[in-house]
Structures are given as C-alpha cells and as structure tokens.
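Two complexes follow with chain A in common, the first pairing it with chain B and the second with chain C.
After this line comes the complex of A and B, so read on.
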C-alpha cells in the first residue's frame, strides 16, 4: 500500500467530518424554525457513514489498491418535535401549542466537538504517513 | 547530450519531474479557484501516455528511447469538466493532492540523484 493510498483514505475521512459539521450547522440554524406554509416542520439531519463494499479486513488482506475509506449519506432523523405552549403565537395549533424541530442543542454541540476531533485525528494520520514516506527517502544516506 | 549510461532513465526521470512540477501548477490553480462559480478544475495527463512503454517493459526487453517520443506532460480539463459539470474541488482534497505530489517530486529527485552518483563513481574510477 503506497503513501498516496494512505493520503486518499485520510482525505475521505476529512470530507466526511466536514459533511458532518455542515449538517450540524444546518440543524443549529433551523432550531427555532416553525412549520412553513406547506405544514412541513424541519427535521434534524444526521450523517450516516457505511463501509464501502462490506469488510475492510477483506480489502486489506487482498492488498486492494482502491481502498475507498467511508461513504456518507445524509438522512433525516425521526426526533420528536418539541411542543411549546404559546397560545398567542401565530403558528399555534388549536390547543395553543407551537411545534419546533426536535433539535437538541447540547447533542449538536457535542457532535460538533467530536467531528472536529475526528478531523484533527485524520490530519494527524496523514502527517504520520507523510513522515514515513519522507523517512523512506533517506534510505541509503546522502550521496 | 551523447547517449550516456542508461539515458532512458535520465530522460524518463526528467520528463516525470516536468510532469510533477506542472501538476503542482495545476493544483495551485485549482486551489486559487476554490471559491469561483462555474470553475472547471484542470489536471495533468502524463502517466497515461506511458502505456506503450509499460507494455514494452513487460516483455522483458531493454527499451529504446524512441518510445518516449511525443510523450509530454500536458494540462487538460478533468473528465467532469468535459461533461459540463462545474465542480471546484474542496480545500482538503487539494491539500492532500499537493502533499502527495510534493512527495513524488522529492522521490524522483532522489532517484535522479542516485543515478547521477553512479556516473560520478565511474568518472572517479571508484574513488570517493
């Protein structure tokens, strides 16, 4: 497995973490959005990552050149909307409750921090791969 | 330059070095345009021009420098660009390409260095 493959794997990890951050930012921005004219309430987004072609261990054993890291897909979560009692609100239902998206701010903040740390971890992995390749170039000394 | 010791290697190495430095320019160009609307990334075509050379090497015969005729690193639009899909690349993807290309350039330089040192040993009659 050459160093360029190691770089590509780390790059795919970084892309996924950036996608995760984008979904978190979207959720936070739409935290207090009530249902629009079409009656659809905002549902919090999550990023689901799956292995490519099941079984990383199998790919390593085959020495496959085209290791593809992870594949990410953005899905809507089924979190229950928050109901806030506010009879004077224009969007209140007949019982006086207003529906807000089920975005848990604390959970989103924690997810954001873990996405940031995972991104840093991928950068560290890439730098380690680069150091290894640089060291390999020193074989044979300076002539 | 007269055909010296294994001029095929020096010619191929210097072509690869040219390709690598052109690739650096392409990556820098893409980096500069990450925020541009409707931007088409550029790439360098070089390794795919070497298929004839690879086939010849697989037969096991020593290769002639005539196989390198017409092989030149050239800038071209990426495959997506020719379909009309504008997609400026992400920052981290480009940084990774830059790191890989720099590594490749240093490895090529090292190879050329070692090859030239063989010639200098011949010139110095084995004395260091």
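After this line comes the complex of A and C, so read on.
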C-alpha cells in the first residue's frame, strides 16, 4: 500500500475529532438557550461515526488501494429538556417552568477531553507513519 | 440557535489526488523519467504552498490537511534526493574502474 494511505487515514480521523469538538462547543454555547420564536428548543448534537462499507477487515484482505477512514454524521440527540421553575421568566409556560436544552455540562466536558486526546493520538500515528517512511529512505545508506 | 448540518465525510476528504507514478510506463530514457518525477514533486510543493497561502489569508478550513500536504511534499523531495545520491554512488563506482 502507498505510504500516503496512512496519512489520509489519520487525516480523516483528525477531521472527525475536530468535528466532534465543534459539536461539543455548539452544545456548550447553547446550553442556556430557551426556545426561540418558532417554539423549537435547541437539541444537543452528537457525532455518530460509522465504518465505511461495512468492515475494515474485508478491505484489508482485498488489499484495496484507497483505504477509507471513518464516516461521520451529526445528529440531534433525544435528551429530555431540563425544566427549571422560574415563574418570572418571560419564556415560562403556564405552570411557571422554563425549558432549557438537555445538555449535560459534565458529559460535554468529558467528551471534549476525549476528543482532544483522540486528536493527539491521530497526530502521533501520523508522525509514526512519517518516521517509518523516512527510515525507509535510509536503506542502503551510510556505507 | 445554531444548527450544524449533517456532514458526511467520505472519499473526497482523503487525498485521492495522488500523483500516481506506479501505473505510468517507464520511458526509455531515464533522464526523462527523472525529470517527470521532479515535475511531480514540484507540483506537490506548489500544492503545499498554495495551502499555506490559503491558511495565511484565513480561507483554509483544514489546518491538519495543510500540514499533511507539507509533510508529503517534504517526503517526496527527500525521496528524490536519495535517488540522486544512489545514482551518483553507482556512477562513481563505475568511474573508479581502472582502465
């Protein structure tokens, strides 16, 4: 396989982790957003990553030239909204409760840290692939 | 309320635009082949520099892709340099032969 495949695979991994961080940042930014004029409350987003074409092992066995990384989609989660009792709030419903998005701040922080570590892991993998290629260039040298 | 559109990352994300040197037939003249490889390396370097320009003007969306292009261009150039070294060694070996 071409050594550039390792770079492309790590690049796709890094892009997925960056996307994950962006969705987490969006969730944390909209944590305290009440429903807008259209009545729709913000729903927390999450990134779902799936394998491409069902199974890496099959691609390795066939020795395909273009090995693909991961495929990611951003979906809205079905977390229940938080209801806070605040009768004086302009957006309170008749019972006095205000609906906030069901964003769990602790979970988002943990996901953010894990996305950061996964990004670093992809960078390390790419550096390892580059070191391997550089070592291959030293074959037959220093005679 | 900001909404993130569903994004699917598949094949176009990966660097499929590789200057494939393996399928092209080796021309009869090695000098032509070497010049062709140098041209491809030059193309890679210019592509990397273009990515740097996009990054400087703030239009680059993918920072790590720019870095990867830079590293690939550097690696290709070092490969060409190593090929040149081996060729020169072989040539000097021939020159050392006593007449």
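Going forward, the second predicted complex is superposed on the first by the 141 of 143 C-alpha atoms of A that agree within 3 Å, B and C clash if a C-alpha of one lies under 4 Å from a C-alpha of the other, contacts with A are read in each partner's own complex, and residues count from 1 in each chain.
The definition used in the following text is that a contact is a pair of C-beta atoms (placed from the backbone, for glycine too) under 8 Å apart; a residue touches a chain by one contact, two chains touch by 3 or more.
Because the structure is predicted, anything quoted here is derived from the model rather than measured.
**Student:** Determine, for the superposed arrangement built on chain A, whether chain B and chain C clash or fit.
**Tutor:** Aligned on chain A, chain B and chain C clash with each other.
**Student:** Would you check which partner chain A:72 touches, where first means chain B only, second means chain C only, and both and neither mean what they say?
**Tutor:** In the superposition, A:72 contacts chain C only.
**Student:** Is A:42 touching the first partner chain B, the second partner chain C, both, or neither of them?
**Tutor:** A:42 sits against chain C, while chain B stays out of touch.
**Student:** Comparing chain C with chain B, which touches more residues belonging to chain A?
**Tutor:** Counting contacted residues of chain A, the larger count belongs to C.
**Student:** Does the superposition put A:80 against chain B (first), chain C (second), both, or neither?
**Tutor:** Neither chain B nor chain C is touched by A:80.
**Student:** Regarding the shared-chain residue A:23, is it in contact with chain B (first), chain C (second), both, or neither?
**Tutor:** After superposing on A, A:23 lies in contact with chain C but is clear of chain B.
**Student:** Once the shared chain is lined up, is A:135 touching chain B (first), chain C (second), both, or neither of them?
**Tutor:** A:135: touches no partner chain.
**Student:** Let me check the overlay on chain A: which residues of chain A are in contact with chain B and also with chain C?
**Tutor:** Shared contact residues on chain A: 3-4, 7-8, 10-11, 14-15, 18, 126, 130, 133-134, 137, 140, 143.
**Student:** So in the complex, the part of chain A that touches chain B is made up of which residues?
**Tutor:** Listed in rising order, the residues are 3-4, 7-8, 10-11, 14-15, 18, 126, 130, 133-134, 137, 140, 143.
**Student:** Contact residues on chain B for chain A in the complex?
**Tutor:** Going by the criterion above, the answer is residues 90, 92-93, 96, 99-100, 103-104, 106-107, 110, 113-114, 117.
**Student:** Could you please specify the touching residues of chain A with respect to chain C in the complex?
**Tutor:** Spelled out, the residues of chain A in touch with chain C are 2-4, 7-12, 14-16, 18-19, 22-23, 26, 29-30, 33, 36, 40, 42, 45, 52, 66, 68-75, 123, 126, 130, 133-134, 137, 140-141, 143.
**Student:** Tell me, which parts of chain C touch chain A in their complex?
**Tutor:** 1-2, 4-11, 13-16, 18, 62, 64-65, 68, 71-72, 75, 78-79, 82, 85-86, 89
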